[in-house]
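Following: one structure in structure tokens, then a few remarks.
For reference, chains read A, B, C, D, E and F in written order, and residue numbers begin at 1 within each chain.
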């Protein structure tokens, strides 16, 4: 299979970090889509954007590492575009707390997010 | 096994109707405790009290029936007491909607509920 | 499409005129709340799966929503290019 | 004991002086919200599982809560007659 | 019109797998082509047959196979999710293991996608 | 002091089964007696061994057996939940099927109960 050139995939991520045990549940879909050179929009809903922040040791909590692989996403794309969106209020809370995301994120309201979504060829709720 | 006479079990029910597929998830524990003649306190949190309302056909939704068996609880107890508690605001919404519960329910605030809970010998979060 | 009453408000914030909102499963219990539609844009049609509503004990008619059967659900699915889940 | 940020407020409403509240798993993210403790009675001690907080990326000290390890969690469990879960 | 149905939840912890089944049946009745039902995360437990079900509600693995036989839909299990959850040698008759790449390809080839 | 640990969630859909395991290990280290770990609802999937786990996180069925061997805790599967979810002939080594009546009895005999 080869990606059709202009195909734009929107991934909608609802789960915050470790809401599931595996760190790879949504990540693997995004990484794969990137290697297929899809144009990629990723929408982090509410606290799901916490998947992108820096975290300490996860082994003591018996949790697998992995979320930092989000940072490798831009490097996997050849020609395709990547845009990442997250809730402005949630990003503001992170900023106040001194936390940064490992990917550049567009802060937007729910409504603005939705205006972006309609430009995707396909939306996948993860 | 025979229940110790004064033993009071508090069951804390968080799930609303069909939050799980089976209607019996919390119900079976309550019915069994009643046949063992435990003193029984049941705390329906938030919308969990919707387990007690009258419902129409469930077969078309492919859901199992069963919640109406809550009504049989008082008949299973010989000597033991049964008290059922639910959130006052949620009961008010039901009343406004013309819906009744199939068991007599004490309407109370979260704090009043908690004052009752401490008198149980054991609390079980279901 | 929302199946969780706790997620309906987040879902509403993403709706725009011309959208359809389908309530199913436990999300139909949101109909109990008087103010649940406050945050909804005008022009969003609200549908409730009739079989789920019956199973949940909610059968009151209203002009604010429309009960639909599963085949009408599929028609809505065909009519809209995207279907988002809030569960 | 709460493991779900969406359930913490319901949990707080049930707390009274002398209680202990333990935040674990994803519930530690509630510490991001400035006002999360507004509804909490005074006299409720707040604990946060340190290993979960580290895994979630929250390590800021505060006088409003205390980080504890798993053995202190078990001590709290022993000290209180009842342990309720909000997950 | 071709559609892809994605199931993320276990058969009993929520009623969503039932909703997905009802939706699949309604699609088939309406003459839509179901490209596949793709089971991810705890959805892969839908392939395991329990030994009893409550009266009035289907045994899901059999119900999915029946829908597949009638509609021609393939029943696909995400291999990453399956490996984490299902024991070696599980009886998964009617279901095929497949990768996320297949899901993305199916998604591209389908006109509509719905997730439960 | 005797305690009962109840696990209601599947091994991967949330991290709660992990929290329960950590709590069980900490109880054992502190010298508490674990009367049993009782698995209800999707918690019974904890008895199934997947074939892979992510690096850094345990294969739970093996981890539960190890805790049981070390602490003497029994690993009990709610039979009603198991029958709905687990195929006949599943390898459930180290876990025993039991009824809700046993759970209620264990609860009465335990000094503390915790649910995950």
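The definition used in the following text is that a residue touches a chain if its C-beta (ideal position, glycine included) is under 8 Å from a C-beta of that chain, and two chains touch if they have at least 3 such contacts.
Not measured: the values here are computed from a predicted model.
Traced through touching neighbours, the fewest hops from subunit C to subunit E number 1.
Counting hops only between chains that touch, subunit C reaches subunit D in a minimum of 2. Taking shared numbers over all numbers used, the subunit E to subunit F interface scores over half, which places it in the same class. On a Cα centroid basis, the chain most remote from subunit F in this structure is C.
When chain pairs are compared by contacting C-beta pairs, E-F ranks highest. In this assembly, the chain whose C-alpha centre lies farthest from subunit B is A. Taking each chain's centre as the average of its CA atoms, subunit E and subunit F sit 28 Å apart.
Chain centres here are Cα averages; for subunit B and subunit F they lie 25 Å apart.
The residues of subunit F that reach two or more other chains are 11-15, 22, 41, 53-54, 84, 113, 115, listed in rising order. Each of residues 25-26, 51-52, 83, 85 in subunit D touches at least two other chains. The multi-chain contact residues of subunit A, meaning those touching 2 or more other chains, are 18-20, 22, 24, 58, 61, 63, 122-123, 125. Arrangement of the chains shown, judged by which pairs touch: an irregular graph that fits none of the line, ring, star or complete shapes.
Of all possible chain pairings, those that touch are A-C, A-D, A-E, A-F, B-C, B-D, B-E, B-F, C-E, D-F, E-F.
Every residue of subunit A that touches subunit F in the complex is listed here, in rising order: 18-24, 58-59, 61-66. Touching subunit B in their complex are the following residues of subunit F: 6, 41, 80, 84, 100-101, 103-105, 107-108, 113, 115.
Per the touch definition, subunit B reaches subunit D in the complex via residues 12, 14, 45-46, 109-111, 113-115, 117-118, 120, 122-123, 125. Partner subunit C is touched in their complex by these residues of subunit E: 1, 3, 9, 14-16, 19, 22-23, 25-27, 29-30, 32, 112-116. Those residues of subunit E that touch subunit F in the complex are listed here as 9-13, 41-42, 45, 48-54, 81, 83-88, 90-91.
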